[in-house]
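After this come two complexes, each holding subunit A, first together with subunit B and then together with subunit C.
Moving on, here comes the complex of A and B:
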């Protein structure tokens, strides 16, 4: 256990402690950090752009739980018992094999002004061809959540299928004998028995959505005018664009605290409900 | 057995972690006896008169042109360049800053003038080049006007990597199809934009990312260049009526349909080539991008100096940008790097470099093969032109970042410019209060 602890300490704890220290300093990447106490935190919380960033991050959390988790569950439930179901799920899994940056590039091509989506809507005479998908807020955040869902739904479906296949046959058969099927079967038997797996999928989604960076950075760089910025983009902007390493450190500390707090709160609630059952 | 196994694993993990830590720190031990006989510029501690110099830049796409100059320098002065190019400017900036803390200091590297260079000078990271400048100005290899952008506390640092003048490139076929000619005045230019807008063709390209400042600098430098320069030094406010008027004019031009959609992700050179926009407001470095598409200067495209918005100004404002090529003060091969910079500013090197890039040169003695660029270079040196530093270099970094965000929002949704200008000014107030 000791070697693992040492490696974790050197590679994870030390950088975090260094970042936390920097967050109390003014440091532009040259010379020595200058201790300024809580000034970076004060500046961060008095910046109106942080509110936009927090709002967008909250939208990402809600959107990521509803869309890719929901679609993943739907695909899994509809296909897990189906003949050749794996072949139906395969196309949804393929996007997971590409990087977030590539997803951003592909969807930029689709969603840019006069891009593939607008041209397709125009060709079929459908409304929305004039929409500025990536320029108007909060529409730009919604469509980027859609782009991320395109990538993440498949792997969520795969996880849910594993969960569905591990459900014991007896209660399902018993429910069938009692006449349950369709929605009733899902709500009363499958969904409760999927609970442990759902906890994992939703927990992972919360963490992933709180640190959303790649898709947004490639598609809008948080703009226009910081309108689609997330906390991770704010952290990058302060650190590497502004070269305000201390300010960037403060954002990253807040992001870490928010991520940990959300994860712990969610897992505690889920575990206490399971004990209650 | 178990204990020994645990101890072995512990020792291995400790060694691995220690090695990682040392690699991450990579600090100079200060004794200089690293024993690297192949270190650039030195051989067993003795200076060499030929070899390879490490060179870093955020202009990764320019590698073929740097390779050509590297071949020329190897032939002429015995030194070639070991090229490392970054495509991401932010990652490059972080890399260069961090590399000063390590043993691997960047011997030669490209940077930005203005606030960015001042920061390195303040920390003593770049080697002074006053002697090179004095000699080059005396021999006419560098115009004295450029010196101000490289001077800090009376001393010069780095030398110009290049200069670029910001002009309007235009698609000659689009102009010919609509019976248009290059404008002589601002009214002529607006007439062209009106004519094209009526045909559904955006006259000008603009974007909401990075280059969102371009039309702000054009309109303000062409209306009131003194006010433009005062913004860069903190002596004027972004809420000045002159600045507000320029923003309103810009908004009117956007509303009139003069500009392309700022959300287009296509390359601007492709848009010009296809005739999807008629004109591009870009630095002369852009000539190379057009030539790479097979467009021919004088046949498919041409360029003109943008007329002043205010015709009563004595001289035409011409935006100029100059990027520095620097030597690290504490690099082992600093002296060789400074010799390289001396060669770099000379006419032979600049003839090779400017023609490889398809751009103008800061050196009036360089021979520019593109006749249009050569003529522009001569025009820029006349009394009829007032050279004005590009907004990107003229503006301190925190103010620039706020401005780019603000202008990006404005070109996307033009409206009341005051909230944007007040946000930029708040950033400027905070910055100048600390200077």
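Moving on, here comes the complex of A and C:
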């Protein structure tokens, strides 16, 4: 017990406090930190690059809630009570086991200008083949959200399947007797009963998308310019590329506050729903 | 009607999902001289895949990274899971005073983003000589495995009746022995699930490896792959893709083999 608490305290909490302290200082790794109050935060909300980073992070959160959660739910609803359902889900699960870095490598290859995607669009006579997928903002953020969705949809489907299979049979049967099927069954029976699980999946997706780093780092490094940076990338850049430790600390603190706010919001909703049951 | 539409729709979507995997394999199996960015959809046959993989393994020196990463992915979660289990045991079986708050303290360690600890770790590691050492990375990977393990093990131990503990005490077993001989063996399935999840997480980690190491021997596989992409990307695309395939094989195989444990581990962690 004691060693557990101790190493968590020394390697997780202590650094946490130190970063918070540094975010109020000007510190470049040499000498001692100089207290400058809220200047780093002020700079953050007036620097266009940092505002772009905030906006992109918001896009990531919104995109991640909609795309992989939506696709995951769709796949789960279609396959959960189907013969060979697990086999139909398999293609979506394989990308989940691939790392963010490998996903980035694969997709930056596919999304090269005139690369695999453009050639496929061209072959099917679809528009968009000339797009410079990773070079134009905000298109690059959108396609990277797509790449992340390719990876994450499968696990969401898996979680939704677990949820769907634990729904009691009686209401579903009763609804069937009453003639409900397809969309109506989903809308009136499955969706409300999945609510608690949906809250969890959405909450996890929000927290994960706020920390988006790997895919962007591999695919665009936040560029061109700084047009596709997310907060996690900005923090890395400020700290380890520019050596602006104080500014990097401020970005981390903002990231943490947003993450905590999102987690608390979804946990509270979930808890109050439990109480209501 | 739906009997046909549903499988057909799922098949099309599934094939769409597999297309990137196909592109990865097809192009990783072309020799760099045969590769052209205008014929990426063309399938490739032959043994070039193995040549490319050997190339990555030797020339790009991924072998030492793979070895280091294998060490991290085993020792990190192992230490983390054991410490996490100790914490869970102390709280649940020993009925530690204020146990719940200790638990909140340990579990709180996972709530904030890794970004918060990177810079102090980097500076602290540089001062203590842990920067760019295997020991340093093992340490940090162990620590980040602790909170989640403590969380799951606490839940799991709560399911074991306290009578088990009392009976063992009556029989004269020491606390350590009860933990080691009774509680740990009883929770084998949970331990395995956490181990697999954490090992996958560590194998796939980029951020910690990127910031806390630089030399080829110490650096984990994911940062090594990103630098491979920036040095070889473009001219020798198949080599980079072969590298991507190589580092993905272990986790994909592990995942497919343990899918059931995996999804249970996920369920354990979330409820």
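Keep in mind that, in the parts below, the second predicted complex is superposed on the first by the 254 of 277 C-alpha atoms of A that agree within 3 Å, B and C clash if a C-alpha of one lies under 4 Å from a C-alpha of the other, contacts with A are read in each partner's own complex, and residues count from 1 in each chain.
One rule holds for everything that comes next: a residue touches a chain if its C-beta (ideal position, glycine included) is under 8 Å from a C-beta of that chain, and two chains touch if they have at least 3 such contacts.
None of the values given here were measured: they were computed from a predicted structure.
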Partner chain(s) touched by A:115 [first = subunit B, second = subunit C, both, neither]: both
- prompt: Touching A:174, do we find subunit B (first), subunit C (second), both, or neither?
  reply: neither
Query: Now for A:66: first (subunit B), second (subunit C), both, or neither, which partner does it touch?
result: neither
Query: Can A:263 be said to touch subunit B (first), subunit C (second), both, or neither?
result: second
Message: Quick check for you: in the superposed arrangement, does A:240 touch first (subunit B), second (subunit C), both or neither?
response: both
- prompt: Looking at subunit A, does subunit C or subunit B touch more of its residues?
  reply: C
- request: Applying the touch criterion given at the start, work out whether A:51 contacts subunit B, subunit C, both or neither, answering first, second, both or neither.
  value: neither
Query: For A:226, is the partner it touches subunit B (first), subunit C (second), both, or none of the two (neither)?
result: first
- request: Could you tell me if A:19 is touching subunit B, subunit C, both of them or neither one (first, second, both, neither)?
  value: second
- prompt: Thinking of the overlay built on chain A, is A:101 touched by subunit B (first), by subunit C (second), by both, or by neither?
  reply: second
Task: Name the residues of subunit A shared by its contacts with subunit B and its contacts with subunit C.
output: 3-4, 7, 11, 29, 108-109, 112, 114-115, 236, 239-240
Message: For a test of understanding, state which residues of subunit B touch subunit A in their complex under the given definition.
response: 6, 9-10, 12-14, 16-17, 20-21, 90-91, 93-94, 97-98, 100, 119-120, 122-123, 125, 208-209, 261-266, 397-398, 401, 405-406, 408-413, 420
Statement: Within the complex, subunit B is touched by subunit A residues 2-4, 6-7, 10-11, 28-31, 108-109, 112-115, 132, 134-136, 221, 223-227, 236-237, 239-244
Task: Mind listing the subunit A positions that touch subunit C in their complex?
output: 1, 3-5, 7-9, 11-16, 18-20, 22, 29, 75, 78-79, 82, 88, 90-102, 104-110, 112, 114-116, 119-120, 150, 153, 155, 158-159, 162, 182, 200, 204, 210-211, 213-214, 217-218, 232, 235-236, 239-240, 245, 248-249, 251-253, 255-256, 259-260, 263
Task: Going by the contact rule at the top, pick out the subunit C residues touching subunit A in the complex.
output: 2, 6-7, 9-11, 13-15, 17-18, 20-21, 23-24, 27, 37-38, 40-41, 83-84, 86-87, 89-91, 94, 96, 102, 105-106, 109, 111-124, 139-140, 142-144, 146-147, 150, 200, 203-204, 206-207, 211, 222, 225-226, 229, 233, 237, 240-241, 243-245, 247-248, 251-252, 254-256, 259, 263, 266-267, 270-271
